[in-house]
């Protein structure tokens, strides 16, 4: 192949580090930091998953004695669900797609030697790490972890005598979240500056891979949302510890008149969901980016409607800030504002539908290769459709009357922001593993992992919609307290079995991951025959990503099967003169 | 397959380190330092740092906007009176020590001015660096007024002034948990003070940086960005002051 | 592999859809005036979303099988999309979603905008960790005063909600742990919570509303069938959240009067 056009780029943001600590612990290299985030999230996802397993076991066998823990009490169940939600939302769904893969691949995909502010990047990771440690500590203090759920509705979360876990445990919980906010803000600042300022020559905004677009928009969402959550957290800490009344009106807890007056429990909900809804998109947008990238690569076809995809991501991000009230239809908020929030929420369905349509359009008349990353990308689309279509039920205040705070909601958001986002992460892991570790993952075990996880995830979360329709409220440690729910015992038992099998299957993934790091077959520089810049550099990439050079970009990101081209893909930095759009 | 074959490979000359203090091998500021190999691109670093600052103002604004909207929301919120079962308004405005706060505001405004002068001073120094390194060229007497130091002193003066304002508030019977309004006064003032204290710390670092062997260009970036941040802090404080004084 | 995916995706789709369509676990039997409207809107939304769901999943399964890579020769289309199709699709989904939303709006308006009828029965519902209390105004039609410092949850009923017996209007107030309502008469609810947020959820009435400390929220519904219905708490309120249930007994108007008279007699 003819010489590629590159610009000499003679220096890196910082010299290659020496010594273990500077290289692997307090590293400034975005790739090492990306891996640190990845392994932190991997640890967190296993903790969160085990918590969910305990919950499912407790739901159907409430008296079961668990090794090391014993019988799960109702308050322990609530602690489990609080910690499960908090760990999964913050330390998995926010950390892995953005902090992990974003950190590793955003600079490479735009042709930059590193992030704009490497020291800030390192601080961001270690702050996240501290936040995680603080959160885990909540398990081990007197009273245990808080029981107010990951949404921490005040005044339950704002008083210290509303239940076990609401003393020190709840303080640690909110402190951890506040620290996490600061970490995320640092990360978002870096992502945005890097994307705006460090793109290689020729890498116009409209030539950026959709993964980069999704990380970029996610960073903007994080930048605006986490500041608000931080403010909410500060107010909560003040209410809990210094006697202020931001969230607490005059209340009487167990016959004891508390010294607060005049606060508004709804204020917490407004602030929390102003963050909370964009957070949903922070979790899912990177998955959408990865799915787009992979569907195009493995269908050997340009992405269907690149511009529409970009505008859809922007629209989703923008509208995501105007729909927080749809979490509050039953909260006592003005029923008139429910109209507006509902309409906005339905409007978000439109860009989401555009994306689905374009994914199908990308596969249509392609030549689909079924390697494991592609399987997970296809799974992502399926789950996104399933999880997305229960949204229009919940977006209507009318239907929210029977469905709000039931298992229907739990099924909806688990399918879309839980499992779909995790499928995005699996796809990303299988896809980029060769680049990150220089070896291939095992295909056979990858496929087995995929099929068990797909069927398992549907078996756990699709029935939750049925439970919710039948009226099972969420966050019930024993739903059989309500007589009309007794008929749901068999279904719940089935879900628990499905959860056990699905969780067991995840060990296939972990073993495959670590085994392949050591024993997998060596990967070439571009094993998937993909076009974006990370596949132009060596595997794994050198410290400054491109070995002293900066690439020059000539094409859009998804030039597959271009008529007249020598191969069925044209890499972004290929100076080949075949006329392509973009 | 190898798809990445460099067409040209340019080995850059070693950067000039001798003579002046212009390009010592340094790391700092946390951003792209092109120290050893190429010439450090300070223009690019400055642009990047300013962009970073512009982006960083967004979450700070969001933080204060959410406090401010909580304040306005809370102010208009009636309280359910337990006796009559009716909603009553019971907002108790805080009696602010306005004179003291005005003095503080002036302190901050003056410090913003000195920060701007410090920024211009160091910018000029950087611009004249190449000229000064020409042997035999004298630029005459330069103003050496310590604008940077003045800014730090005035900034600390503002913070102390705010502490006095708190004492005054306490003397008037307004503590953090006294009423919703006083909670917000303390909250907004404290959050602003923390942000300003961060600016003071950075300026102290910039002042100390010359002792630590940082180059003038490097320090200039720190001073430049902090000066802009300082102006931002002034605007923010003016907004907070107006909110507390006039929205009651 | 393409075939395996096709089979798997289609199976998941059809099994999921079957349990919806067969109404194996449908909404509980409705027993209020708002139930038919909500149920209709639910069924209609389900029908539309179900069609989209089946169509999208089937297309996904079919495409990955149909366009699987089959040796050399076949070439993928080189196409960057089709703007016209994109616009049509966008317009269609916009009409579908917005239309669906507007269709359901009148029900919401009837439920939440309009105040209770003049002849509605006023009942005050108070949630606390972890019980519901129901207060009836008695013959004078007026709720008496309550005071936070009088609240004693362990004593139950009148004492639990802190009824101030020195207030004459409170003398005839009846407080119970079981909700009695006459059939076919609208109930004018006032929802309150004393400690944390609770949510008053009566699945059969298609009724749910949070009870928030510091707020007195007015709501209404009309039961249409005599029977016993369970009340649940639908907002996490602490360790006993799952046990915070109550019973709604909808009885005939005469039975209700009899029950109320008996309660008043007990108070004398």
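Note that the chains take the letters A, B and C in the order they are written out, and that residue 1 is the start of every chain.
Assume a residue touches a chain if its C-beta (ideal position, glycine included) is under 8 Å from a C-beta of that chain, and two chains touch if they have at least 3 such contacts.
The structure presented is a predicted model; accordingly, all values stated were derived computationally and were not measured.
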Chain contact graph, described as a line, ring, star, complete graph or other shape: complete
Centrality ranking, top chain (CA atoms only): A
For chain A paired with chain C, centre-to-centre distance based on mean C-alpha positions, whole Å: 30
Length of the line joining the C-alpha centres of chain A and chain B, rounded to whole Å: 33
Separation of mean Cα positions, chain C and chain B [Å, integer]: 50
Numbers and ranges of chain B residues touching at least 2 other chains: 79-80, 82
Residue numbers of chain C (touch at least two other chains): 148, 214-215
Residues of chain A engaged with two or more neighbouring chains: 249-250, 262-264
Touching residues (chain side chain A, partner chain B) in the complex: 1, 3-6, 8, 10-11, 13-15, 114, 116-120, 185, 188-189, 192-193, 196-197, 223-228, 230-232, 234-235, 238, 242-246, 249-250, 261-264, 267, 270-271, 274, 524-526, 535-538, 546-549, 551, 571, 573-574
Residues of chain C that touch chain A when the two form their complex: 1-2, 4-5, 8-9, 12, 16, 19-20, 24-28, 34, 37-38, 41-42, 45-46, 49, 52-53, 56-57, 59-60, 63-64, 67-70, 74-83, 85-86, 89-90, 93-94, 97-98, 100-101, 104-105, 107-108, 111-113, 128-129, 148-149, 151-154, 162, 194-197, 199, 201, 203, 206-210, 212-215, 217, 230, 232-243, 245
For the chain A and chain C complex, residues of the former touching the latter: 73-75, 78, 147-149, 153, 155-156, 159, 162-164, 248-255, 257, 262-266, 299-306, 308, 330-332, 335-336, 338-339, 342-343, 346-347, 349-350, 353-354, 356-358, 360-361, 363-370, 375, 378, 381-382, 385-386, 389-390, 392-393, 395-399, 401-402, 404-406, 447, 451, 454-455, 458, 462-463, 465-467, 469-471, 473, 475-479, 481-484, 488, 491, 560-563, 568, 581-582
Chain B residues within the chain C interface of the complex: 79-80, 82-85
Residue numbers on chain C that touch chain B, as the complex places them: 143, 145-148, 214-216
